[in-house]
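Have a look at the structure that comes next, please.
Chain IDs A, B, C, D and E follow the sequence of writing; residue 1 opens each chain.
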Amino acid sequence: MAGLLARIAERWNIHREPGFFKKLDHKWTMVIDLDKCNGCGACVTSCYAENNLPVVGKEECGVSRAFSWLRIERYVEGEYPDVKVKFIPVMCQHCSKAPCETGCPVYATYHNQDGLNVQVYNRCVGTFTCATYCTYDVRRFNWRTYKFEQPLDQQLNPDVSVREMGIMEKCTFCIQRIRAAKDKAKDEGKTVEDGDIQTACVQTCPTGAMTFGDLQDADSKVAKLAKSPRRYKLLEELNTDPSVIYLKRVMKEGPSKHG
Amino acid sequence: MILKSFALYIIIGITGIITFIIGYSINDYYSTDRTPVQPIEFSHQIHAGTNEIPCKYCHIYTERSRHAGVPSVQRCMGCHSIIKTESPLIEKLTSYWETKEPIPWVKVHNLPDYVYFPHKRHIRAGLDCKLCHGDIASMDRVTRVSSLQMGWCLNCHTQRGVKNGRDCWTCHQ
Amino acid sequence: MKRRNFLKIIGAGGVGSGLGYLFGKANKPPTSELIPYLIPPEDIVPGVASWYSSLCTQCNAGCGIIVKTMEGRAKKIEGNPLHPVSKGKVCSRGQASLQALYNPDRIKSPLKRTGDRGKGSYEEISWDEAISILSRNLIALGEKDENDRLHFLTSLTRGSLNRLINDFMTSYGSPNHLQYELIQNKNLLFANNASMGIQTIPHYDIANTKYLLSFGADFASTWLSPVNYSSAYGQMRQGEDGIRGRLIQVEPRLSLTGANADEWVPAKPGTESILALAIAHLIVKEGHYKGADGAAWKALLSEYSPKRAASITDIAEERIHHLAKDFVKTRPSLAIGGESLARYENGVSGLVAVNILNHLAGNIGKKGGVIPNTAEPLTGKSTLESKNSIASLAQAASDSKIKTLLVYNTNPVFTTPNAMKMKESLQKIPFIASFSSFMDETTAMADLILPVHTSLEDWGDDFAEPAVGYPVATIMQPAVSPTLNTMGIGDIILSLAKGVGGKVKDKLPWNGFSDYLKDAWKDSYSKNKAMSASALTFDGFWNELLARGGWWPSERANGKAVAVSPNAVESHISKTPSHFEGNESEYPLYLTTYPHSHYLDGRGANLPWLQEMPDPMTSVVWGSWIEVNPKTAAKMGIKEGDTVTVESPYGKIKAHAYLAPGIRPDTVSMPIGQGHASYGRYAKDRGSNPIEILPFKKDANTLELALNSTRVRLSRTASSDKMVKIEGSTRELGRNIVQTISPDKFNKMNKETA
Amino acid sequence: MDRSITYKEATEDISGIITKTGWRYYAILTLMGVSGVSFLFLPWAYQIYAGQGVTGLNAPIFWGLYLVNFIYWVGIAHAGTLISAMLYITHTPWRRAIARGAETMTFFALFLVTLFIFIHMGRPWNFYWTFPYPSQREIWTSFVSPITFDVFAIGTYTTSSIVFLFFGMIPDIASLSHTTTGWRKSLYTFLSFGWRGTDRQWHLQAKACMFFAAFIMPLVVSVHSVVSWDFALSVVPGYAKTIFAPYFVTGALLSGFAGVLLMLSVMREAYPVIKKYVTAYHYDRVTVFVVVLSMIWSYLTLMEVVTGLYANTSQEIEHLKYKLAISPFSYLFALMIFSNSVMPLLYIFKKLRSSFIGRFIIPVFVLVGMWLERFLIVPNSLSRKFLPWMWHDYSPTWVEVSITAGAFFFFISMFMIFIKVFPIIAIFEVKEDIGIPMRKPH
Amino acid sequence: MDNSILGKFQYVDDLLAAAETCKQSGYAISIISPVPLVHEIEHTFGEGKNPIKYFTGVGAVTGLLFGILFTIITSLLYVLPRAGRPIIAIPPTLLISYETTILFGVLFTLLGFIVLALVPYFKESEYDVEIAIDAFGLRVHGVGEDKFSDIEKVMRENGSSDVKRIEKK
């Protein structure tokens, strides 16, 4: 009896832990230097190619159903001739305190021990709650059965599911690449090292604005960049605790007569 | 009396529902073709059982890839251009080879598209093929012995204490 | 229980279970088949990716790529991390070349015209027949001794393919091989040659510069070598040394690069060269130039006083002073002149002015400046030599001087103004054969269509231009086996050579282009010391070449010293701003055009990824637009998304208005690339093509088309077509989404951490 | 209530509603049934086949008309339970004649609520995954999700409402089993479960009823607060409001009462005999509630706007701007205020309470106005979320509009079938209302 | 052998008077009415017993416990953390158990009512058309053959319009 009570107490303590994890296996993090990002959009196309994102066509784009998991937002300040333009790539921020995870009634989205915000396609029933709660509007929904015209379907990445109609999806931090790297490391009897994993967007970014890695690994590139005084997180005041860290754009403040 | 007639309809309704479920389950569990007829009556019993050819001799990608790999026609012909060439089954095989057509084997172990099962990881972890596929060497025609349902996978992952074995992204991505 | 009731229950049970069984059966997924390989390919493991290094041909930068293939199909393109141009990166267009390979609108086999020309009725023929039709045509020309009436029009080709085509044409006896690109760098080559005497495009060392003065060079999206320059841009901004380079963009319409600039100098269209010369004037006047020929420069630049320039360019005088001071004081600094400058009627003089600036500020040959390439390029022929232009080709065609035209990979019908009458000229050519993967507007005029491989299926090589201070060669090897009944362009020419016979066959005895390529490299290997030093045998060298994706020297030599002399440039600098057609009262707005960052000159418009990718500056997808300043629009009563008629003295088109604050109020701007009449389901009938309404204007020196050369007027009109843009609002409303930090703070911060 | 009505008369009147059916009834029922199927179920089938893409939903606006209808019908459902439960506990006499009708509305409204949850799902064929049940997948449901709260709250509410409704009908069904013939007799006999009307049964019935009422009372508050938490638990500007629970509950009651009023008025016109039992007195009482609720609602609406303004964050301000001025549906806000705050005030004039305006016009306005309230909250808030880049508009498509309209037709046809099977006015309670025949004054 | 007499009354006062007389004579009585006479009967005979409350109480407690345990245990069966919240999250547990308390309370009350008030009367069929509409019945149980006329008399005296004898085998 006493043993049982002790076990219950132990369980209770473990599972009352906020966030549950005492220590994550990894804390995958992306650092995006907004001063380097020039808004070219190579990352977006790369994401389309890697993650089997369907092309939805003009009509669907017109009602804001474009499928990009990653988008580049452009903010404009001022009027001619004092125009300032700022770019920011926004994808799923893999929040540690993700609002979307609260919403899902069927555990189709949750947080795993790699610090990732998981979306399980085959569990999703499509209640839209996660997307409504998402403060970054990064979730995308399969409004229809999107077709990949023959033979464009031959390009589809076999490591990523092709999602059926009625399912919510979002950026996965290229989980297939993370898993492949872990798989390879395991074959070689090592652990994953910094730089082994590059998500599709990070890999292709021509200006090198994006970096991906494990924040828990103190020697990793992201850990060093994350210490930059320029760091900030998007909509930090909402306390979602994102895994994407932005580095501030360097830009003159106020109106720029002479720049 | 009136009560009885209503009760009767209710009983009939309930019977209908229950038998519907039973019928569905019968179809699901017993009538599923777990032992499909293959285009060529290939016998694992002869190859793997009697002749003791190791699995990985034909399923060559098992240790290297997600897929175990169904042997190519060339690999079949590698032996059967010499061995037992006059058998009618081998003649069937030879006709495939000569018309340059692949053999349309029927999948016995079929997973949905959203399940990523890497053979490599499981084999490298030292698991025996039999664990999931059963004693293939004694099967004349291959039968699926495991349910291949999620609960079945989870059960093994939990018992063996696979690291992150219950994380959804381990199998679905 | 009564028997009847019992039977009822039994009946219900039977029906229930039967239905359940059937429902279960209907619900079951169909059995799938397991198809084995007949013969397993050696290097393919199902489920495991193999990577091939190759070359990206979506633009002319010559980026090295690696292609991920699985089960024999191309899945993903990434930059070749070893390659000095791409540095492991690749742009949107490069990514999308997968969709060119697997495009549903590719021409699937050789086609012969059956109906009237341009009506699109073709029949499928075999390759043998196709080659024999073409070779019979060439033999017939030869018999009539009209060999020089054969013209070969290609896109910019470098390397072995270019040599092969030249070999073919010379041995056949025709000098008429024309390389034509709408987005050309001939003006730049000419200007560099005229001012500095170098015949290649030098390396602009953006990575190490601290002050980049860009005259309309949109290197973030299209200029010369966007991937290389973007990566350099990243390094310039946040390089290792901790000092942030500055970018100043001079252009009437804020381009993507301009959007990233610290300062935007919206000079009036056509006056940028005057601004450059005014800065040069100040540098000399204030004694920053220490060269011996200072007096000559002073005399040459005397009339470009800032005061006069200010009135012409609409840039305040003190701002010009400021620019000049910063440009000469910040070390190292660099001035570059880009497309929008080169596309004026006096494009060459603008580029010359930029070279003068670099010379006067002492940027040539310095790290972080202009670095001329060290060695001669690996390829023999320079593109500069060609005296022809697309205009002269059109002229020749309309004079009926062309009997047979071969077109490869270029689309002049789409990329030339209506005023040039390209289509009408082509009608006069008796026989046109097109080597193309897609039914573009020019191919639709052809009598014979020979579908070629896309770059992922073909062999080839390329010598990047601009190189990176030293020559870079890239090898293109097939990543997948051909998916359709197509042939490589090199193979077609070689089999054509066989078909034509005679001298041509003797000159080109190879069986396939891969052999030709290998022999060409064998030749280079034996001649080039650095190459022969890198590997013991040619086979070893070749395997290494294929594995690495190309060849480039392992160490860099110093660039040769070049200088700009006042005498050389005197005849090339212009005293007045570039001319725009149409008078100001009738046509109040300048029209500038620019290559769309995804479709380039229109060649990317058939790739669905690129169509769906929002334009970086407007977020418009699946269509084209015209950028109008909100103030101008308000005056004319135009609202965002309205359809307007854009009318120049040479025609009119419809476009949707996009209200962009980043454009001069007296200017409107349109992207090139949409408005295809054919070119597949994704490109056809989307948006409009601004080239149609341009005048037929040429640069005096290079005979290249001037694209920024007309004024237009706008009027509202109705249209059922809607502009589709992705953006909701672009105003941040103080929400601190993109947070900023001032450069001063940044520098202070850097000092503290260092 | 007219005390001169005899018990016999009452019984005959009310069972007459059930048994006497004219051709007009069949005509209207057919019309409504066919409309219900063709406006609700056919478009839904099309939507299941073609996907949610046939709706006007898009990237930031994932919740549209279906969610609006969902909350709306939960709201309509509320008056029934409030009238029967709260007024039962307080022994309010005038509830008796109208409680059954109100409870019936609750029942069918909840049916539609459940339907709308499934309609709004992306993969409705997997709806059962939202219920916690043991399966080989070992996976249950996430209890932190407000949607799971909904499943439990609405599940409980539906069950309790059905129990309460049918439980209250047992004495009437038993009495009907004696006065009817044919299949009705069989059905009623079966459903009366052995009700005899003995003193012990009445005693236990009264006690059980009191317990049910006591249980359902807190549900009235809890269900709609839980529904409001679907929104209030997010951080979306316009959703994340602490005021939402009382706001939604008040709104629900207001719309529910309006629904009851309209239902009674229509019933009275269709079956003039009901006028004997539902009199101006009932209108008088119910409309007082409507006025009070409308005033509370107006206050809360004001607070909703004012707290937003007072917060003075860009998010709140932009949201309000959009809702009140920019949105393509912003003009509806004025209509909403007019319908919900101004129109019910007319009930202050006693003459209007049971006039045609009071019986028909005002309830219709309130019903429309309350629908608008939900419509203005649900999609509009999503149109102005945190990142301005993703600001987009929403406009419903014909599928959504048709399903919305179809729900009303379906509701009416279900109701029409119901009144032909079960007494829409509680017979025994009406009799109680008439007064127990005592020889001497009690 | 239960012989009983059913008398129908027009007025409740009459019925109650007759009932009181019978009850004082030691007979078991039941009053059958088309409307609840709870208040009137209580007035005459005092408050009756209410065994349903036990069902309700048990139901509510069961519901509460079920809600708490079900929520906690199912979240522990497949641990999937969400949004940084603890696996055993208290607010949802409270909310769910609140709902299940009500649900179980209602269902158990219904069960109690069925068991206590409906089931025992399944086989009785003296429910009469008139009583279903506007008459009040008084049934006196266990009346011997000999006492029949006495009871009938009492009823008639108190204003019963119709008295009949019910025999059951």
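Just a few scattered comments:
Rule of thumb we're sticking to: a residue touches a chain if its C-beta (ideal position, glycine included) is under 8 Å from a C-beta of that chain, and two chains touch if they have at least 3 such contacts.
Just so it is clear, the structure is predicted and the values come from calculations on it, not from any experiment.
Counted as hops between touching chains, the shortest connection from subunit A to subunit B is 1.
Using CA-based centroids throughout, the chain positioned farthest away from subunit E is C. Nearest to the overall CA centre, using the mean of each chain's CA atoms, is chain A. This structure's chain pair with the greatest number of C-beta contacts is A-C.
Rounded to whole angstrom, the centroid-to-centroid distance between subunit A and subunit E, based on C-alpha atoms, equals 61 Å.
Our note on geometry: subunit B versus subunit C, Cα centroid distance of 52 Å, whole angstroms. Chain centres here are Cα means. That of subunit A falls 31 Å from that of subunit C. Here the CA centre of subunit C is 63 Å from the CA centre of subunit D. In subunit C, the residues that reach two or more other chains under the touch definition are 47, 727-728, 730-732, 735, 737.
Among the residues of subunit A, those touching two or more other chains are numbered 64, 66, 71, 73-75, 99, 102, 104, 107, 110, 112, 123, 235.
In subunit B, the positions touching at least two other chains are 112, 168. On the subunit D side of its complex with subunit E, the touching residues are 6-8, 11, 132, 138-144, 148-149, 152-153, 155-156, 159-160, 163-164, 167, 170-171, 174-175, 178-179, 193-208, 211-212, 215-216, 218-219, 222, 226, 427-428, 431-432, 436-440, 442. Within the complex formed with subunit D, the subunit E residues making contact are 10-14, 30-38, 40-41, 48, 50, 52-53, 56, 70-71, 74-75, 77-78, 80, 82-83, 85, 89, 92-93, 95-96, 98-100, 102-103, 105-107, 109-110, 112-114, 116-124, 126-129, 131-134, 139, 159.
Only residues 135-138, 185-187, 189-190 of subunit D touch subunit B when the two sit together in their complex.
Listing the residues of subunit D that touch subunit C in their complex gives 60, 314-315, 318, 386-392.
Looking at the complex, you find that subunit C touches subunit D at residues 727-735, 737.
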